[in-house]
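What follows is a single structure, written as structure tokens, with notes after it.
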Amino acid sequence: MKENAILEMKGIYKIFPGVRALQDVDFTLCKGEIHALMGENGAGKSTLIKVLTGVYEKDGGDIFLEGLGKAAVIRSPQDAQKLGISTVYQEITLCPNLSVAENMYIGRGDGAVQNWKKMNADADKILQNLDIPARGAQQLSSCSIAIQQMVAIARAVDMDCKVLILDEPTSSLDEKEVEKLFGLMRDLKKRGVGIIFVTHFLDQVYEVCDKITVLRDGKLVGEYEIKDLPRVQLVSKMLGKELDDMSDIKSDALAYKGKDADTNVFEAVGLQSNADIKPFNFHIKKGEVNGFTGLLGSGRSECVRAIFGADRVIAGNVKKDGKEVKIKKPIDAMKLGIAYLPEDRKLDGIVGDLSVRENIILAAQVLRGAFKPFSKAETYKIADEYIKMLEIKTASADTPIKSLSGGNQQKCILARWLLTHPDYLILDEPTRGIDVGTKIEIQKLVLKLASEGMSVTFISSETDEMLRTCSRLIVMRDRKVVGELSNEELCQSSIMNTIAGGGTTDEK
Amino acid sequence: MKKKVLAALLTTAMVSSVLVGCGSQPASAPAGDDTAAEAPAADDTAAEAPAASGDVIKVGIINNDPNESGYRTANDKSMKEMFTAANGYEASFAYSLKNDEQISAAQKFIQDGVDYLLLSAADTAGWDSVLKDAQDAGIKVILFDRTIDAPDSLYEASIVSDMAKEGETAVTWLKGQNLEEYNIIHIQGVMGSAAQKGRSGALDAQVAAEANWNLVTQQTAEWNAEKAQQIVQSVIDAGTSFNVIYAENDDMAKGAVAALDKANISHGVGKDVIVMGYDCNKWALEELLAGNWNYDGQCNPFQASYIDDIIKKLEAGETLSEKVIIMDEKGFDATTITQEDVDTYGI
Amino acid sequence: MKNKEKKSGIGGLMRGLVRKQIFIPIAALVILTIFNYIMDPTFFKITLSPNSLGYNVLSGSIITILDNGSELAILAIGMTLVTAASGGQDISVGATIAIAGSVILRILCGGQTSPDTLQAPVIVAFLVACVAGMLAGAFNGALVAYFRIQPMIATLILFTAGRSIGAWINNNTLPVVKDPSFAVYGGFIPGIAVPTPFLITVACIIIITLVLKFTTLGLYTQSVGINEESSRLNGLNPAFIKFLTFVILGLCVAVAALIKVSRISSINYSVIAKDIEMDAILAVALGGNKLSGGKFNMAASIIGAYVIQFLTTTLYALKVDANALPAYKAVVVIALVVLSAPSVTEKISALGKKMKPKAKEVA
């Protein structure tokens, strides 16, 4: 083993039926290092992590750990845990209805859960030590997502972990929370923990990491010191090609030039749902891309849910194509040609056990009606068409959607809604947890669709993504629309100002 | 909230199931006059009912749910027909298949000051203290149909069927058929029940004793006609020959016969297979009358007349010669049964 | 495409089979078959001989199994749908059979105990029983779908009260149908050698196959069972779909009830179809379907139902001691359920891979 290394993976192979997920991959992690693992969807990041944590059994290669004379045998997550390898996943895997302390000690088999008082006190000590603002006796679900994630990390740290794997930990955190998390990561680094950081956010990689290992198509591209690898190069290494300038996609796309470009496709006045948002006005023109922006929890998702009828609408009038309509439930909106890609892919989007094919045709099938099913041949034809069009990486149309990577799942959901041929498409965080390549593909697709006359409402936590795609932004704060920016007003600082309340419009 | 809804629903369901139980009774109850015998009034009315005259005897009757079986239905019907105002009784009824509910009904009857407590207990245990209370209050207790685990000083009499004797009667009858060889399909009731033990016992003993008595199969159909049908079917399918079906109740005999009919095996008087059943359902006795079955053993549900006798004796100050009174139970032979028997003994 | 892959050699074929959900119930059938053949080589003999009415009918153990498994197979159809959509089971099917059966007899006997002739056509009685079964299903379904009570708790109500309701429908009497024309539904249609219950089951299977093919019921129930919220956002009405599955099960119950009461032309409320709900649930489980809902395989459930009947008949044929019968059944059932658990299926398939190293991974 290399000097100072705590983990070395050598020549790892993993084969799934029809796919070589990992081929001869090496990976080295040193003590007190934050090491980014980068790659597109399906590059093999998750597979490598799962081999390391014992979720999958490797088909070849060796794993060495510091202080262990021979190659480590990791057959189950328990094995990995015993060897000091802990993982915190993108989706919180704790139990929300247990207390923080219970979550930290449960399932560790050391009898720690027997004395509640002591357990709470111990938990408090660790949380304090790591500067995590939570108490042991508190119910986990009462903490924010960020705190929950930190609790998961605290649990890992307390289990004497030497290798901590953070798999997309920041995708549902806002900026402040990300900062806090990074603080915690730096702290752990000082304590000598090796951290593997998997993320799609390039900024974050450059902010907190020391080294980057890039994977592509299941093979190792290389390991780099952060200072030796400029951003553009990183992206091109991940994609395997030189990247056309990312920030300039908007200018490539043609704006919609139809005669009806000025008509409102959708209009709402005083719309309010039972999801605790203030009534808001909204409209979108044909071929327009607009967006809701604001901090997490500012009510931007609730607004589009109200438009789609996903939450119960309690007030307001809506017009579709100039005609007064009632949208009480999603099917009403769907029949009017509105489509909605929900924010939480796992909970609201995919139907996990069903195949890619069934997931793609679902909404269109519902619109067709219960007595007009697509024939099996039709569904294969449709699915194959969209798999090709959106470049969905899947073994077959019959693969369960849950076994796809996040980005490919998202593409399936997108395919599902495109198949309904909507004239108004709502995308709530379509690029969350998705690699850079796919992100740009989706952005380009949105602009292309708009140029063909589709109206799109786009929501994203990443402001630059919004700036790249939207021509008008509705800004929200505290569950209320606080401003609207368009054209030349659109820039990072004006958005920040509006969110922060330095307000340009509408403020009383 | 959810829990409340659930609780409300469950309560409704329970109440409605009770009502369902009650709703069926007026039909089987005697054309009720003005007394408290009507079931819906159950145990509440006894106290308020006007005491008609001094020599009316107040009885509290605790029974199992009449829906339980045809036997119980007939039993309840006979009780209702006996303990009427016309016969000088003022009766209150309480039904439950649960011991604790029966016990609380008994306590209620004791408070109401009945003269006699008639009891068919759901369970044998747990009756000591409440019966002691009854004794202290001067209430006489008579058990019917089922015995309990309590000192016999706590009750005046117990009127029961002797299941073992029922079995012996049937086996004796079968012996009397003088077959060269007995190849018997034995279909048992729910294993461990009193009726199953008694009715199996006699046959088991006989099979063990005689070389020409064989059990082709011995299996429980749990009182269930279709299961009995399947058991007999499996014997037929295996090609084993047999000449006797000994079923421990009428339903199972009926199921067995259905299997015979399917396979074109003749049964009944003078035919290939002897069919035996128990309980004397009316339809079963009609099968006997038609010669399709050969034998049906009675399990007498008509304890009411025995109880009436006992109460009359006790009221007259006589002492009872025996505490445990075993009812007369007949076995009917298809060759001798009459329409009158069907009408009298069919339940 | 998984199913178009060429499997290399027997090992590959085996593994492909093992991975299929339907493998376990079929394997169980094969094992039971072999076992019975060893115990009794005549087990599979099927003969054509006249029954008591003089018509030639088929008989033999296999026919008996197909005949007696009918009610269970029909219930398994409905139970599979309920399980898929609601992620729970209906434990009231036995009790609702008592209700539907009682309705049939009440109408056929016109309130008399044992009339000499039918008081109404069987079809009328059957249709009213269908309504009764669907009402019972609607009651369960409404509690589950609209009041969001767990299926097992919701159906506990009819499980407890159903048999009393059945008794109440017939004024607590036990009616007997004397007219032999009623017995054909549980016996034989004159001139046809195949047992009617089996024909009815085949009809039900054909109907459900057509329904699954020509409507979206399968997609919708699975979708709702897997992810209710996502289904709602795709325009489905999850509550109604759950409700609907219970009503369909109610219909299956009515059909099963017709067969059950016809078999003996009578009813005993307290024991008719006793414990059949557990067997129906078991059939779904043996089919390798998740009892927590979601994806289902209808054919596997139906085969599962016949496995259970096969087992029952086998145990009767073996003449095991009556006291030990439940224990034998339990052992076999535990073995089957464990074997059909997905984690075990995976292990078996991995084992197959190790034993046949030559059968390379199909890349």
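As written, the chain order gives the labels A, B and C, with residue 1 at the start of each chain.
Please note the rule applied: a residue touches a chain if its C-beta (ideal position, glycine included) is under 8 Å from a C-beta of that chain, and two chains touch if they have at least 3 such contacts.
For clarity, every value in this text was computed on a predicted model and none was experimentally measured.
Taking the mean Cα position of each chain as its centre, A sits at the greatest distance from chain B. Overall, the chain located most centrally, as judged by its C-alpha mean against the mean of all protein C-alpha atoms, is C. The centroid of the Cα atoms in chain A and the matching centroid in chain B are 70 Å apart.
One finds 34 Å separating the Cα centroids of chain B and chain C.
Distance between chain centres (mean CA atoms), chain A to chain C: 43 Å. Residue ranges of chain C in contact with chain A, taken from their complex: 1-3, 5, 213-217, 219-220, 222-223, 226-227, 229-237, 294-295, 361-363.
Here chain C touches chain B in the complex through residues 40, 42-43, 49-52, 57, 59-61, 64, 68, 113-114, 143, 147-149, 153, 157, 160-161, 163-165, 167-168, 171-174, 176, 186-188, 260, 263-264, 266, 268-272, 274, 312-313, 316-317, 319, 322-323, 325, going by the rule given at the top.
Taken together, the chain B residues at the contact with chain C in this complex read 2, 5-6, 9-10, 13-14, 16-17, 20-21, 23-25, 27-28, 65-70, 73, 188, 191, 217-220, 222-226, 229-231, 233-234, 236-239, 251, 254-255, 258, 260-266, 281-283, 286.
Only residues 15, 17-18, 20, 308, 310, 329-331, 334, 340, 342, 347-354, 358, 362-363, 365-367, 370-371, 373, 395-398, 416 of chain A touch chain C when the two sit together in their complex.
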